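Take a look at the following structure, please.
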Amino acid sequence: MDNLFSEGLTLMAFGMGFVFVFLTLLVLVTGTMSRLVTRFVPEPVAKAPKARPRPAAAGSAGNNDELVAVITAAVHKYRK
Amino acid sequence: MDNLFSEGLTLMAFGMGFVFVFLTLLVLVTGTMSRLVTRFVPEPVAKAPKARPRPAAAGSAGNNDELVAVITAAVHKYRK
Amino acid sequence: MDNLFSEGLTLMAFGMGFVFVFLTLLVLVTGTMSRLVTRFVPEPVAKAPKARPRPAAAGSAGNNDELVAVITAAVHKYRK
Amino acid sequence: MDKLLDLWLASGISNISVGQFSMMIIGLGLLYLAIRKNFEPLLLVPIGFGGILANIPEAGLAFSAVENAIHFAKPEVLQQLAVTLGVSGADVHELTHAYHVSNVSTHAAASMVAQDAGYSNGMLYNFYLIAIASGAAPLIIFMGVGAMTDFGPLLANPRTLFLGAAAQFGIFATVLGAVALSSFGILDFSIQDAAAIGIIGGADGPTAIYVASLLAPQLLGAIAVAAYSYMALVPLIQPPIMRALTTAAERKISMSQLRHVSKTEKILFPLLLLILVAMLLPDAAPLLGMFCFGNLMRECGVVDRLSDTAQNALINIVTIFLGLSVGSKLSADKFLDVQTLGILVLGIVAFGIGTACGVIMAKFMNKLQGGNAINPLIGSAGVSAVPMAARVSNKLGLEANPQNFLLMHAMGPNVAGVIGSAVAAGVMIKFVG
Amino acid sequence: MDKLLDLWLASGISNISVGQFSMMIIGLGLLYLAIRKNFEPLLLVPIGFGGILANIPEAGLAFSAVENAIHFAKPEVLQQLAVTLGVSGADVHELTHAYHVSNVSTHAAASMVAQDAGYSNGMLYNFYLIAIASGAAPLIIFMGVGAMTDFGPLLANPRTLFLGAAAQFGIFATVLGAVALSSFGILDFSIQDAAAIGIIGGADGPTAIYVASLLAPQLLGAIAVAAYSYMALVPLIQPPIMRALTTAAERKISMSQLRHVSKTEKILFPLLLLILVAMLLPDAAPLLGMFCFGNLMRECGVVDRLSDTAQNALINIVTIFLGLSVGSKLSADKFLDVQTLGILVLGIVAFGIGTACGVIMAKFMNKLQGGNAINPLIGSAGVSAVPMAARVSNKLGLEANPQNFLLMHAMGPNVAGVIGSAVAAGVMIKFVG
Amino acid sequence: MDKLLDLWLASGISNISVGQFSMMIIGLGLLYLAIRKNFEPLLLVPIGFGGILANIPEAGLAFSAVENAIHFAKPEVLQQLAVTLGVSGADVHELTHAYHVSNVSTHAAASMVAQDAGYSNGMLYNFYLIAIASGAAPLIIFMGVGAMTDFGPLLANPRTLFLGAAAQFGIFATVLGAVALSSFGILDFSIQDAAAIGIIGGADGPTAIYVASLLAPQLLGAIAVAAYSYMALVPLIQPPIMRALTTAAERKISMSQLRHVSKTEKILFPLLLLILVAMLLPDAAPLLGMFCFGNLMRECGVVDRLSDTAQNALINIVTIFLGLSVGSKLSADKFLDVQTLGILVLGIVAFGIGTACGVIMAKFMNKLQGGNAINPLIGSAGVSAVPMAARVSNKLGLEANPQNFLLMHAMGPNVAGVIGSAVAAGVMIKFVG
C-alpha cells in the first residue's frame, strides 16, 4: 500500500468522521434550539395574512396608493 | 488610385462575396434541415397548452403549493 | 485654538455657505423653469390612461398576444 | 493523530480571540435589530451577516492575500514579503504597517508574492474591492434611489429646499465636534475622519459610504453601521426635539394643498440640477450625476424597462454585495476601538442638530414672510432618511390636528435633504479629499 | 478667502471650455431626440446623459488616472510620468501622446504613478473599461437580442436571407466612400476607421459598438450616436427610397401566407448557424455565438428562466452601463472634429444604399424566378433595425393595398440583416483587425 | 487571391482537428440530453453550448492571450515570450508548459507581452476568470440555493441529518477509488484530483465546481459534466439500488406527519449552522456562509426583495456565465483523455455508494431505536440532488403503498445532504488544498 493510497484512507477516515461529528452536533444544537423556541417563544396565533412587504430604499410611497386604486377598481368591477 | 482605396475595394469585393456565400450556404443548410425535420420529426398534435415551466435550481417545490393555495382561496371568494 | 479646530471651523463656514448658495440657486432656477413650463408647455388634457410601454429591443411582439389569450381564457372560465 | 491535531489547531474554537467573539455578538445584535426591530433591514441584514463572516477565526474572509500570508506567518514567506516591502526583519506588525502604507506598485508586488505562496484574497475582501473601493456600489444605489424618488412635492413648493439646506448644519456641527474631541486629546480624528463622520448626519446611507470610502476607509464599518442604525431610529430621535422646539399652535398649522406638477417640469428638474452641479461643484458630479440619471430614467417615460431594473434587480444585487462588503470592515481590530464609540455619539448628535435646524429654519421662514405658510414639523424631514422622516412629520402633525396630513408636504424637504447632503459631500471631498 | 478662491477656480463655470459647452448642448440634444422624438431612447438616454457627464469641467469622469494627473499638471507628477513613459521633458501634449501609444506594461506603470500621486480613474472611464473595452457589454446585449428574436418567419421562407445579404452592400459601399474621402485628402480615415464607420450601415447597435471598440475606439462615440440616430430615423430615411425604386403595382404584390414552422426547426436553426460560423468565419464567433446562444435559450423551452433574465434584467443592466460608457466617448476633443461630420454623412449614405440594394435584390429575385413571389418593399427590411424597418415595409404595403399585411414577411429579411451584418463584421475583423 | 487563401487558411473547416470535431459532437450531445431528455438543462445548455464555442478552431475563445500568441506562433513573439518565461529556445510545448507553471508575476508579464503583440484573452477565458477562478459564481449560486431552500422538514425531524451524513460516504469511497486507480498505475490522479472527483458524489453542482476550481482546475470540465449528468440520472441510478437494499415491508412504512416548525426556528437555524461552521471548520465558511446568508434572507421576512433577487435575476445571470465558463474547460486537449473516462466511472460509483449508504443508515437507525420510525427509502435522498432524489423516494414509496407520501419526509435528508457535502468539501480543502 503506497503513500497515495494511505493518504486516501486517512482522508476518508477523517472526512467521514468529521462529517458525522459535525452533523451530530448540528442535530443536538438544532434540537435544543427547537425545544427552547417552542417553550419560550410562543408563535403569534391567527396572525392576519399580510401582503408581502416590499420595503423600498426610498420614496416609493406612491406605489402603494396606485396599487390600492387598481385593486379597488377591480373589486368594484367584479361585484357588479 | 492609391493603396488605401485599393484596400477598400478588395475589402468590398471579399466582404460582399463572403456575405453572399455564407448566407447562400445558410439558405441551403436551413432548407435541407427544414425538409428533414418536416419528414422525420412529426410535431406532437394537440399538445395541451401548458403553463410556462420555471424549473428552479433547487427546492422551490413549496412555491407552487403556496400559489395553488392562494388561487384556491381567491376562487372560493369569487364564487360566493 | 489649534490648527485642526480652525480647519473644522473653516470647513463648516464654507460648507454651510456653499450648501445654502447652491440650494438657493436651485430654488431660483427651478422656480423660473416651472413658470416657463407652465406658461409655454401646456399639458395635454385628458390623455387616455395608457398601459406602461415596455419597448423591447427586438421582436417581442408575440408576448402580448400570449398574455391576451391567457387572460381571455381565464375570464371565460370565471364567467361560466 | 497529526491530522486530528491539525483540524483542532485550525478550528475556530481554538483560535477565536475575545475581539472576534465580541464582533460576532455585535453582528448577531445587528441581525436582531434588523429582523425583530425592523432597523433598515435591507442593509443591516447583509452588514450584520458580513460582520459575522469577517470575524470567523482563521478563515480570513475579510483579508487580502498579503494579510492572510502575514497572519499564517511562514518564515520564508515573511522574509520574501519583507524584501518586497523594503522592511528589515520580518516582524509581523512592521510588515503589516509597511503593507498598508506602501505605494500602488509595491502593494501589487507584495500581493503577487503572497499569491505565489498560495494565499489568496478572502471572499469579502474581493467583494469590498469591487463594490466599494471602486466607488461603484454606492453610486449605483444612488442611481436606483434617484429612480425611486418623486420630486413632485419639491417642485410644487421649491422653497422647502431651504429646509433641506438648514438640516445639513448637523453635518458640519458634527465635523466641528469631532475635531474638538481631537483637539482636546480625547480621541484622535484627522480632518478627513471628521468629515466622514459628519456625513452620518446627512441620514443618507450611500452618501455616507461613498464619502467614508474616499476619506476614511478604516472607519467605514462604524460609520455605515451608525448611519443606518440612526436612520432606523429616526422615529425615536426626532419627536422629542420637534416637540421641544414647536408650540402646539405651530404644530396645528395646516398647509395649502400642493399644486399639480407637470411631466415636463419633472423631466427638466434632474437636468437643471445636473447642470448646476456641473457648473458649481464638479466634485459632487459622480454622486449627484448618477442620482439625476436615475431620476431622469424614471420621469422621461421612454425607458421604463431601464428604470424598473435600476429600482429592482440592479439595486437589489448591489445592495447584497454592498452590505456584505461593509460587513467586511467590522473586523475586531478596526471596530473595537474607542473611536467607534466616538462615532456613535457624534452620529446621534448630528441627527439631533440636523433635526433641530430644520425645524428652526421653518419657523424662521414663517417669521420672514410674516405668515403661517409652513408647518415647522416638516422642517425635521430635511435630514432626509427618506421616507421615514417625512412619516414622522406626518404623525406628529396628525397628533396635533387629526385633519392635518403633512406627508406630501414633508416629502419636499425630505428629498431636498438628499440633494443637500450630496452637495455637502462634494464640498468635503473638494476640501479635504 | 483662499478657500473661496479655490472653490471658484475649481468650479465648472470658471473652467468650462467652448468644446465642453458645445458637447453638453449636444448631450441635451440627444436627450431631447430620445425623450420627445422617441429616437431609440433605451440607448440614447444613457448615451446623451453620459455625454453630459463626460464633459463636466474638472470632474474628469471620462478620463483615466493618468489623464487626470496630466490635466492637473503638478510639476513633480509630470516629471515622474515623463520618466515612466520615457519622454524627455514634461510637455503635456507629448506626455499624453506617449501615454496613448505606450505598450501595456508602460501603461500599467504610468497608471500606478498617477494613483500614487492621488489620482484615480473617472467613473465613466471605469464603466468603459469593464463594459466595452473588455468586449463584454455588446456581446451580452447580442445574447439578449438573440433571446428576443423569433426566426420563424425566416425559416418559413429562407430565401429572404438573400435580401439580408444584399442590404449589407451599404456597409461596404460606405467603407469605399470613407477611403475615397481619405484618398482625396478630404478627411483622414485609416482602413480600420473606414471599416468601423461602414458597420453603421448594418443598422445594428451592438455590432457597430463591438466593431468600433476593436477597430477604431477613438471614433466609437460618433459611430454609436450615428448608428442609433439613423436607426431611429429609419421611418424617415427609407420610404422615399423604397417608393422611388418600386412601381405601384409592385408595392401591391401580396405574398402567400407563411407556413407553420415547427419547434424543432427553431431549435436546430441557431445550432446550424453556429456550426456554419465555426467552419467558415471564426472571427464572427463571439458575436454570432452569443446571438445563437440567446436564441437557443429562447427556443429550447427548458431554460425559460435564463431566457427571461437574458431578455430583461441582464440586458437592461448592461444597456445602462453600455450607454453611459459610449457617452464617455463624447468628450469634446474626440467628438468635435470634422471626422464626426464625415461619419454622420457616410452613415446616412450607408443606410440609403443598404435600403436600395435590399429593394433591388427583391426585384431581381422576382425576375429570376419569373414570378411575383416577393413584394420588393420587404427588401428594405434587410438592413435590420429590428423591428422598425419591418414596420416601415408593412406601412408602405398597407398604403398601396389596405389588405396587404407584410409585417411577418418583412421579419424574415429583418432578422437576416442581423446575421448579415454580424458576418460582415467578422470579415472586417478578419481582414483589418 | 491572397486574401481568398487567407480566408480559407483561417477558416474553421481547414483547421479543425479530430479532437475539436469530437468535442463539438459531445457539446451537441450535451445539448440533446439537456433539451430532449431534460438533463439539468439550466446548467447543461450553457455548458454544452460553451463547449462548442470553446472548440471553434482558430477562434481561441477559451484561451488566454498568451495561449493565443503561442498558438499563432509568430517567431518574434515566441522569442519575446521565451525571454519573459525564462525558457531557452522557443519550442511551443516548452513555452506552454513554462507558462502554466510560472508564478503570478511572470504570468502577468507574459500576458503583457502577448497583449502588446496584439493578442487578447478569449471571451470564454475572461468569463472563466471572473466567474470561476475568482470563486464568485459557485458561491453566489449557493447563496441563491440557500434562498430557495426550506429547512422546515429538516427542523421537524433533525435526526434525518444522519442520513445526509451517511450518504457522504460515496464521496470518500470515490476518493479511495481514485487513489487506488492511481496506485495500480491505471490512471494518474493526485490526491487533489481524487478529492475533487469524489465531490461528484455530493450531487451538488456548485460545491463540485467550487472544489474542483480550487483543487483540480484542469479536471473541472469533466467533473462538472459528470456531476450534472448524474444528478439528472438520479431517477435511473437510484431505484434499483433502493429496491435491492429494502424489503417490500420496509418500503411500505408510513411515517408520522411532520410537526409544524415555527418561523423563529427557521430564522435561527442558518445562524446556528453558521456558528458551528465558524467554530469547527473555517475552510467551509465561504460555501456554507453564503448558503446560510441566502437562507437567512429567505426566512427573516424583512428583506424579501433581496431574497427574490437572489433566487431569480442574480442566480440566473450567474448561471449563464458559470455554464459558459465550465464549457470553456471542455477543450479537446483537456477533456479527451482517459482520465475523463475514469472520472465518469468513478462519479457513477460515488452516486451508487452514497445512495446505498443513505438507505443502510436509515435501516440502521430503525434497528437502533427498535422501531419503524423511518422509511428507508428516504435515506437515498441524503445524496442531495435537490429535489430530484426526494421525488424518487416519494415515487418508490407510492409504488409500495399508494397512501404513503414520503416527499416532505425525504426533503429533510435531501437538504441535509447539501450541508453534508459542503462540510466534506471543507474537509478536503483543509487537508489537501
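Note that the chains are named A, B, C, D, E and F in the order they appear, and that numbering of residues resets to 1 at the start of each chain.
Rule of thumb we're sticking to: a residue touches a chain if its C-beta (ideal position, glycine included) is under 8 Å from a C-beta of that chain, and two chains touch if they have at least 3 such contacts.
All values derive from a computational prediction rather than experimental measurement.
Contacts with subunit A and subunit D are shared by F. Judged by contacting C-beta pairs, the busier of the interfaces B-F and A-F is A-F.
Comparing the contact residues of subunit D and subunit E by number shows a mostly separate set, under half of all numbers used being common to the two copies. Note on chain placement: the centre of subunit C and the centre of subunit D lie 23 Å apart, centres being C-alpha means.
A straight line joining the Cα centres of subunit A and subunit C is 36 Å long. Note: centroid distance subunit C to subunit E, computed from Cα atoms, is 28 Å. Listed for subunit F are residues 3, 7, 41-42, 280-281, 301-302, 305, 313, 319, 431, each touching two or more other chains.
Shown for subunit B are the residues in touch with two or more other chains, namely 14, 18, 55-56, 78.
Of all residues in subunit F, only 155, 158-159, 161-162, 164-165, 168-169, 171-173, 175-176, 178-180, 182-183, 190-191, 194-195, 261-265, 268-269, 272-273, 276, 280-281, 301-302, 304-305, 416, 419-420, 423-424, 427-428, 431-432 touch subunit A in the complex they form. Residues of subunit D touching subunit A in their complex: 3-4, 7, 41-42, 141, 144-145, 148-150, 311, 315, 319, 386-387, 407, 411, 414-415, 418. Interface residues of subunit B, counted against subunit E in their complex, comprise 1-2, 4-5, 7-9, 11-12, 14-16, 18-27, 29-31, 33-34, 37-38, 41, 43, 52-56. Taken together, the subunit D residues at the contact with subunit E in this complex read 103-105, 108, 134-136, 139, 143, 267, 271, 274-275, 277-283, 285-286, 289-290, 292-293, 296-297, 300-303, 305-306, 308-310, 313-314, 430-431. By the touch rule above, subunit B contacts subunit F in their complex via residues 10, 14, 18, 55-62.
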